[in-house]
Amino acid sequence: MSATRAALPPKEQLDEPGGRPVDRRGGSTLLRHLAVVLAAGLLLVAVSYSVEPFRNFQLATVAAYLCATAGLTVLTGLNGQLSLGHGALMATGAYTVALCQTAFADRGMTGGWLLPLSLGAAIVSTVAVGAVVGVAAARLRGPYLAGVTLAVAVVVPALAVTFDGVFNGEQGLSVPVEPPPLSLGPYFPYERWQLWVTGAATLLALLLLANLIRSRYGRTFRAVRDDEVAARLAGIHVARTQVLAFVVSAATAGLGGALLAVLAQSVSPGAFSLTLSLFLLMAVVIGGLGRLTGALWGAVLLVALPDLTHSVTEMLTLSPAVAQRLEGNLPLAIFGLTLIVVMIAAPGGVQGLLSRLGRALLARRPTRRS
Amino acid sequence: MTATDLLVVRGLVAGYGAAPVLRAIDLTVPAGTIAAVVGANGAGKTTLLRALSGMIRPAAGQVLLAGEDLRGTPVEQLVRRGMAHVPEGRGVISELTVDENLRLGGLWRRDRADAGRALDEVYQLFEPLARRRRHLGHQLSGGERQMLALGRALVGRPRLLLLDEPSLGLAPRVVARTMALLRQLRDRTGLTVLLVEQNVRSALAVADQGVVMSLGRVVIAAPAVQLRDDVDLRHAYLGF
Amino acid sequence: MHRKAHRGLAIASTLALLITAAGCSGDDGPGSGGASVPGVTDTEIVVGTHMPLTGPASAGYSKIAPATKAYFDYVNANGGVHGRKITYKIMDDGYNPANTQQVVRQLVLQDKVFAVLNGLGTPTHTGVLDFLKSNRVPDLFVASGSRSWDQPDKYPGTFGFNPDYTVEGKILANYAKANLAGQKVCFLGQDDDFGRDSLAGVEKVLGAGAVAVKQTYVTSNTNVAPQIGAFKAAGCQVVVLATVPGFTALSVGTAARLGFKPQWLVSNVGADHPTLAKQLGAAAPLLEGMVGTNYLPMQNDTANPWIQLFTKVNKEHNGDAPFDGNTVYGMSVGYLFVQVLLAAGKDLTREKVLDAVQKGGYQGPGLVPLRFSATDHSGYGGQRLSRVSGGVQTYFGPAYETDEADGAVNEYTATPAAPPANGVPTVS
Amino acid sequence: MDRFVFLTVDGLSRGAVYAAFALALVLIWRAARVVNFAQGAMAVAAAYVAYTVSTATGSYWLGFVVAIVAGLLLGALVDRVVMRHVDHASPLNPVIVALGLVLLIQAVLGMVYGSEFRPAEAPFSRSALTVGGVAVLSPYDLFVFATIGVVVSGLAWMFARTPVGLRMRAAAFAPEVSRLLGVNVGGMLTLGWALASGVGALAAMLVLPTELGLHPHAMDLVFVSAFTAAVVGGLDSPPGAVVGGLVVGLLLSYVSGYAGSDLTPLAVLVLLLAVLLVRPGGLFAPVAARRV
């Protein structure tokens, strides 16, 4: 059934007001995506001027995580492959950026083009790692894939320690990053610059992902997810599709990790633990699996969580003995509980909930008109 | 309803999701008889059986088994009321052995001794199963699976047997044997059978009553002999 | 889902931005508010810290910040510092450097803390050094013995607190050299700066090559039987441990299991007897004879006036939490910070606080001197040895001081200071 | 040779625990098609209950029994209160819910017991007995082997020979047919969760004395090893879980002993890849692999 579905235009495309099917060719899709990205970019710049530096930094972190969650949602949501090891892919990108930036700094090289170069290198190295894992992953299904990716996630600290001459063990590396260019003025807030850099990289990545999803490749991703046998009968090379999905996902995860390293100006295995991998997965599912908007909600959640957690405990005035026990734990308990309740009450995640709401509102309009 | 009507269905409405597949089914099966439900693909025959055994919850209507309303009875309790349902594809659990499959049919019974006797009787009834006790379900042939499914239902000594497409995918010889066995069980033990079949000829050959379904309704319920022999009826409802 | 998805994406991004941006006053561009000092008003000083309160690394450490806070509350109850009350914001980073980035930025950029105090952990705190420097936030008394904090030229606002691991290694090795001469010395260390610096200290005193077997462990592998087995096979008689408490207990327990009974010389990090005994439970007697180091009063020394003070504070302001070395540590940090605030004077600025720390000469609960000066930003410069005997950990011998270079290990003989009568330091 | 024997015994002793824990994962996977990521946290919770009882009464064995009972109850509770209501349409949903449970359980344990390590007592000496000059087994190792041997063979007997075992297997393989045959499938599912959680609690009680001690996160690493073991053996196969557990235990011990402890995660990854690339359904995957 998926093969037929893949061949047809997406259903919603026909649901234009008035029921006129609209012809959409690749070109116009690209243009529309470009417009959305440009608008988002402008909005981001505007926001970066209107909020405090800390919010700028938080937004920059959201952008970095968004890269990773968007890639993961493409892999898991659209292609049906479960990965518990995206933290390790992020680490690959992060360490690459750290090594590149350090190498540049050691050689006394400066210039605005160095950072994009390092980020590019990060993507390339993660793609290489992702291809290797992807080839193995294409043979595996469900929990077996989960098992292998879990092992990949756990291997990061081990590698960092084993090759501590390069990666400096559990302590990690620092990432030298140049200050904002002087042309922006001498007092340009560093956090705003960070938001610009990560925002630009992330929007670019999202643009590419959005186009990919709408393209023939995106359709084959979904076809393979829905029914491998049918996809194979429809002439889709299943294994190749799965490896491609993994590689794409790895590339964005690598970029996300690299951006995170640039933001933190340091890399260490502790920042890319198994917990991160699991949180990424939770984020995309809670946000709404298989949708880039869901990935956005997930990324927001990843950043807002520690912040929220702190506010929760600060709101309460407790005796020191009680506070000491609740501090840190109470927010996690609340988060865990929320996770369970949301998954039971709204399995489509935040975006699923919003879509349902939106549909309910939209559903009224045409009837009124006709 | 007479005292001898084992199964009485009144105004049964059921389906999947919002669209009902069954629209107000009325049906009566007297005790000790075989009723054959026939009809085209998609007429709702399998849905009828699933609604009777509670695997889908009816939206409206009543199902009485020996005068007892079955509404709200959980599926796993129906077997205790004397109803056995052999589902389409027969439901042999392929990871279990023949013996385990059969024993499963009588596990719910309090009377362990009689459950054991029933098991022995089934092995006598189906010789090939006795020879393949330790084989796994997926190692059996289609005919053997048929025997196993039927035998497993009989271990529970049901009053009413619901059979979904027992002839599906089987050689004519095996089908004939199955039908003969049903008749034999009816005559010997007073078993009541509600049979859903595509294979109209064989079904009507064995049945006492023929029920023709179309688009979720019973269009005619008549003695099987009448359906079999009345050419006009056959043409009108069964297309042969 | 095409068009809708994209409209959705745009709406969602906008919403997300607005939500994240909500609650910002957004009025402070760069350069504004030059007159006021961040985190300081006439009645309040806000300082913050990052600590692992949750997660696997939180054991023990999660008690430090509450103890510091309790001491501040005690000071606040006694009138505060120059009329200002100290508010201590404790942020949980779960020992995850990525979280540390977030919470420290939140402290500095959003909560506008005056200083970051006692941030814990080498990998965690390393990542925020540059950020704190570029925002000119005093970064006082980092809770780790890494030598990274002592870089006055590169990080003028960062100061350590713990004696560094090399100093500690030297003092432990000095004990071995003086009292266990001729015995075979081996070493187990954590696979990071902690283990490496400590080993460097040991080898500075005993000489390179004098350590017969060197083993490392990673915190993600709780099986140390292979390492301990190697010590046993090599016939080690003295084992120096640069381990966190969990792994000290694990090593001692594993050795007993293998029938291996060396003399243990344990880093201050992993030598707190109550913590170890609690973890070992019925096997606690295995700790008999263990030699450890410390530089603060022993928590069980009820005759010590500092312990009496801290016990009182713990009762009154910390919910009478179990009193151990971490409590003493946390309160000692609080005491030192109050001393520094007093010395910085009534017109508090960040520069004045840094000057006050560099001026040095602070006398507190410590058994050894604090080394602070314009050129030295490392914390305590020595340790005293302790031994577990009859289930009680007590100090023995003199306190020692040394440097992280090749200087000799010297006895430090000055008598420790007594706490002020009301437990709150006064301007000296 | 001495060292080899030591590493082998040590590896088998840990491997036995991994085997039990992996078996618990397999039980739930077979019954509910859920990889129970919360199993480590649930087991630790049961161990904390045991700790409370043991400290209050001074009896290790009372705590031991209470831990298993607590594990059984907790498993049933998780099924009835949480997992039963999760939409299993996407296999990810139960995984995320399980991760939510991990956060919740660990946080609650942290609140109640604090984040300090608590001692996990061993009921027998952990010092190895020597046979012919070679340190072989400690009484505790023997206790571990015996307990896990009893549990594994007990479970095997239950599943193969008892009516309730037959019902549980039937309910797992063919829930719908089983209901038609009078099997209370919901009840069997709850029983499966309870048993698995009970076995998990037992494994925690056995492994914690060899670890750092009792801590909300104490089973995190054990979970990773056990999950690896279950995957290596094949998630549908209880014997696979046992073999997988022993293999992983031995591997970790040899690698730590001969190559260095920091290399163990790498070795685990290599093992997983080597096994799964040859047999994508694990060592003991059924020949006619069912589509999952």
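So that you can tell them apart, the chains are marked A, B, C and D in the order they are listed, and the count of residues begins at 1 in each.
The working rule: a residue touches a chain if its C-beta (ideal position, glycine included) is under 8 Å from a C-beta of that chain, and two chains touch if they have at least 3 such contacts.
In this text the structure is predicted, and so the values were computed from the model without any measurement.
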item	value
Those chains which touch subunit D and also touch subunit B	none
Identity of the chain that, by mean CA position, is farthest from subunit C	B
Chain pair, A-C or C-D, that carries the greater number of C-beta contacts	A-C
Intercentroid distance (Cα basis), subunit C paired with subunit B, Å	76
Whole-Å gap separating subunit C and subunit D, where each centre is the average of the chain's CA atoms	37
Distance between the centres, which are taken as Cα means, of subunit B and subunit A, whole angstrom	54
For subunit D, residues contacting two or more additional chains	107, 110, 114, 260, 262, 264-265
Subunit B, residues touching no fewer than two other chains	none
Per-residue multi-chain contacts in subunit A, two or more chains	154, 157-158, 161, 324, 328-329, 332
Arrangement of touching chains [line / ring / star / complete / other]	other
Every chain pair meeting the contact rule	A-C, A-D, B-D, C-D
Complex contact set, residues of subunit D against subunit A	29, 35, 37, 82, 85-87, 89-93, 95-97, 99-108, 110-112, 114, 224, 227-228, 230-232, 235, 260, 262-266, 268-269, 272-273, 276-277, 280-282, 292
Residue ranges of subunit C touching subunit A (in the complex, touch as defined)	1-6, 8-10, 12-14, 16-17, 19-21, 24-26, 28, 30-31, 53-55, 58, 62-63, 66, 69-70, 73, 90-92, 94-99, 101-103, 105-106, 108-110, 122-124, 126-127, 130-131, 134, 191-193, 218-220, 317-321
Contact footprint of subunit B on subunit D as seen in their complex	163, 166-167, 169-170, 173-174, 176-185, 286, 288
Residues of subunit A defined as touching subunit C within the complex	10-13, 24, 29, 32-33, 36, 39-40, 43-44, 47, 50-55, 57-59, 61-62, 154, 157-158, 161, 164, 169-172, 174, 187, 189-191, 210, 214, 260, 263-266, 268, 270-273, 275-276, 291-293, 296-297, 300, 303-304, 306-307, 309-310, 319-324, 327-329, 332, 351, 354-355, 358
Subunit D-facing residues of subunit A, complex	76, 82, 136, 139-144, 146-148, 150-152, 154-155, 157-159, 161-162, 274, 278, 281-282, 285-286, 289, 324-326, 328-333, 335-340, 343-344, 347
